[in-house]
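One chain, subunit A, appears in both complexes that follow, with subunit B as partner in the first and subunit C in the second.
After this line comes the complex of A and B, so read on.
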């Protein structure tokens, strides 16, 4: 019964997700749908680090960039297909996150967040200003173009719809993985670290090891998303992948929907990406330049007034008036959270 | 009796800047005994626990657990070796249920979720908190929090348990219940316990032996009756209105 209830939201996601392309006919709307799903995916990837483990990294876009560039370079210079490249990119980003995590964990709270932004900015600067990195031509501000082959084997898919299904599959994978983690020893350890790392350590939790684990997992998934993202454009440049926008957005969407819950990031992105797209169309370039400022502000407001996000707010509301009519919804929402209510 | 020593604190000193919180303290802990650790506020009792449990290393001295030096070891490793501790100021994982709080401790011995849950249930039953298993850590009352602290530590299956003022703040009835509980758990699990407490009735009643700290220095050690009659202890601690 419990597992059944848990899989209902997942089933809804998959069914609705599969039918979206039959409704959205135009290329423009399909591109928007891709954005919605990939942001759901990134917000979910961030959730593992920022939500479950409470490590408030604000510069996780750095792994999108690393994933993107590693995949691009492997394809352009070594002819390695992005299907394999994205996995290598994920591993490289994971490794980088562990190397970075080691010194950065000495920093507490806000300083950790700032350090992660600083890191991303450094990457943006380097990739934007240097034409070559480690002797490999990455094009600086001109970016790097993927040679067009048009072969599905090179992840060059024939339509937006195909790319959409690809990112949908990624989303389902990261959600299933998150759910698995949440219900395992690792997930319990993540949550204990988030709550109180000294108490966690006294109960046998190797805090550093599990923080690095969270970093690795989050960076891996984020980078794989970055790899697919740039492959849909067949082009990568530094501003596009290392900018503040991507990093801030994934955090904002996750927190708005409800960090530390399975479905929060999905709901957050579902609501916000269309708004973001509409604003971009309506206001054009000037507003786009201001977007990281807007995201920053929005993030502050959400954290001030709705720290548990929409799902958290709904949960509270339901807890207040537990009537029979909303009970199934309550169960679904609770299940989506902390590994489920249980009768262990 | 020396072959029966499970934990030994040897000339341990802790300085915080200019402050000497613990000053050249030594004592031995024997298998399956309850050692009371008393002393006025700021005497260095919690600091001593923190060093034994690995929260921070001593400035000087050795801590030997079952023949092995453990001073400066990380607290998760100390936990795995078999030393559990509770916090004077309760440290619940507020957003997690009581059962899940305790499972975090149980995971140090059991990899699988179902096993950890079983262990947590068993321990919660033991400390009389099972009825609150599904409540959030943040929803507990003080006596319940103290029980949860003990339950979490027990779930790590320690051989030595460090209890830091688990009785403080409870009403007299609860104190009696808790004293019984501690004695019961000790007997059943063959636990060795160091207990810090200001409630004299409880500590005199529970402890096999008592160590008294005053301003970081050990000023007395012995059977409860001996310590209670020690003029130095009466003057520096017991006399002070306790």
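After this line comes the complex of A and C, so read on.
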């Protein structure tokens, strides 16, 4: 019964997701829907690293960029279809994340976040300023165009709707995987690292190994998303994929919905992306700032009033209801002890 | 000669970088939180100074009085009403949560500035603009020279304040061990507010120093935020001397590499240096060897 209950939200997501294109007729709405789903996907990928494992990476956009560029270069110069390219891109990004993670995990807390942002900025600067990287022409600020073949074999799908189904499939995969991780032994190791790294190490958890594992998984999924993202545009440039906004967005959506929960990232992106898209259209060019104003305000308000995100706040409310009727003291205790034990 | 001129430029730039980084460093050092809106706050200060200079014909260096006070008061209120609350409620996630909060606040500031002032770059023409002083074969633009001198004096004042005054000592004590200082009768929340106020006030000061020669758009904040973070980490967190050395160091690296190779190469090198320092000596190049938990 319990496993069945767990699959109800997933079933709702899939059914609603499949019916969205029949309601949204125009190309613009489909493009917005693609944005919504891909951000859900990225936020969920970040959640594995930032939510479950508690590694507050702020530069995960770097893997979107690496995934995008690897796929693009493989397709443009070697003719390897993005279907295979995205897997290779994911593995390259994963490998990179391990190479980066190995020294960086010596750093604790905020230093780790800083290093991750700095790294992304280095990639952005290099890809934006250099016309060639390792002798491969990547176009610098001009970016790199995919040759148009129009074949589904090259992931060049005929309509926005097909791309939408593709990213929806990716989202379902990452959610199923997150769910699996959450309840696996690895997931418990991840959470033990988040709760108290030193205590976990003293109990025999190989902290470095599991941090690197989380890093690899998160980077892999993020990069695959990056590969599909640029294939929908048939174009990639550095500002588009390495930007700070992209990295911050996935963190924001995840935390807004509730980090460390399966559905938090999905809810966060579902709330924020349509608002942004709608504002961008409604406000026009002269009020483009309005969308980033709302974005910033949302960030501030969530941090002020719901540091555990929407789902976290709801959970806390339910817990309070339950305990308040029994004994007010118990509620005070759960409030005080929310530090490490609030999950699940 | 090119190199000598680059060194001079680097020092003049580095002086202003020091006060910029000091603003971030004090907030980080005292509360162990990162103010991600450093650059955006600076830009807000730049616009305040710009209005005072162009609309009220004020001398750019007199605007320091206003930018310093306005932003200082704002920082105090922000810490008192909002950030203290976040720190209390977030537990072990206080650092990331405050960072995201200030990032959100940064977006708000940028978009409000964009709505008011538009996206075009403006610059204030002052009586110092375009004048330069010849020192032998080298040229030092007058506004940069004055700004650098004021920055160095201000940094010195902050140093003495933090190390010699009772209040400064209390702030530093709070940064070392919050709970013990509370037992000693120090109001740690108030110290947080004062620390954050000083940090914002210094950003206001930096804004007034930049206004005579720096073109302003709402978007220049991010690069300043990064600069400040890099300088703080390289110099050592919460360390006044570190901010000076770090600021000078980054100023010199930028100008020397910029004139010898290219500006973009200099920027990449600055980031690489930052990552190397983070990995090799995360407590900062200038800090003494202290074991920190």
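As a convention for this text, the second predicted complex is superposed on the first by the 299 of 344 C-alpha atoms of A that agree within 3 Å, B and C clash if a C-alpha of one lies under 4 Å from a C-alpha of the other, contacts with A are read in each partner's own complex, and residues count from 1 in each chain.
Methods note: a residue touches a chain if its C-beta (ideal position, glycine included) is under 8 Å from a C-beta of that chain, and two chains touch if they have at least 3 such contacts.
What you see is a predicted model, and the numbers here were worked out from it, not measured in a lab.
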Contacts of A:175 with subunit B and subunit C, given as first, second, both or neither: neither
Touching partner for A:57 - first (subunit B), second (subunit C), both, neither: neither
First, second, both or neither for A:206, with subunit B first and subunit C second: first
Partner chain(s) touched by A:121 [first = subunit B, second = subunit C, both, neither]: second
Subunit B versus subunit C as contact partner of A:191, first or second or both or neither: first
Partner chain in contact with A:183 - subunit B first, subunit C second, else both or neither: first
Subunit C versus subunit B, contacts on subunit A by residue: C
Subunit B and subunit C footprints on subunit A, overlapping residues: 338-339
Subunit A partner contacts - residues on subunit B that touch it in the complex: 53-55, 74-76, 79-80, 84-85, 87, 91-97, 99-100, 103-105, 107-108, 111-114, 116-118, 120-121, 134, 137, 152-153, 155-156
Touch list for subunit A against partner subunit B, complex: 183-185, 188-189, 191-192, 194-196, 198-207, 260, 338-339, 341-342, 344
Contact set on subunit A toward subunit C in their complex: 56, 58, 103-104, 106-107, 109-111, 113-115, 118-119, 121-122, 125-126, 129, 244, 248, 251-252, 255, 287-290, 292-293, 295-300, 303-304, 307, 338-340
Subunit C residues touching subunit A - in the complex, by the definition given at the top: 32, 34, 82, 85-86, 89-93, 95-101, 103-112, 114-115, 222, 226, 229-230, 233, 264, 267-268, 271-272, 274-275, 278-279, 282
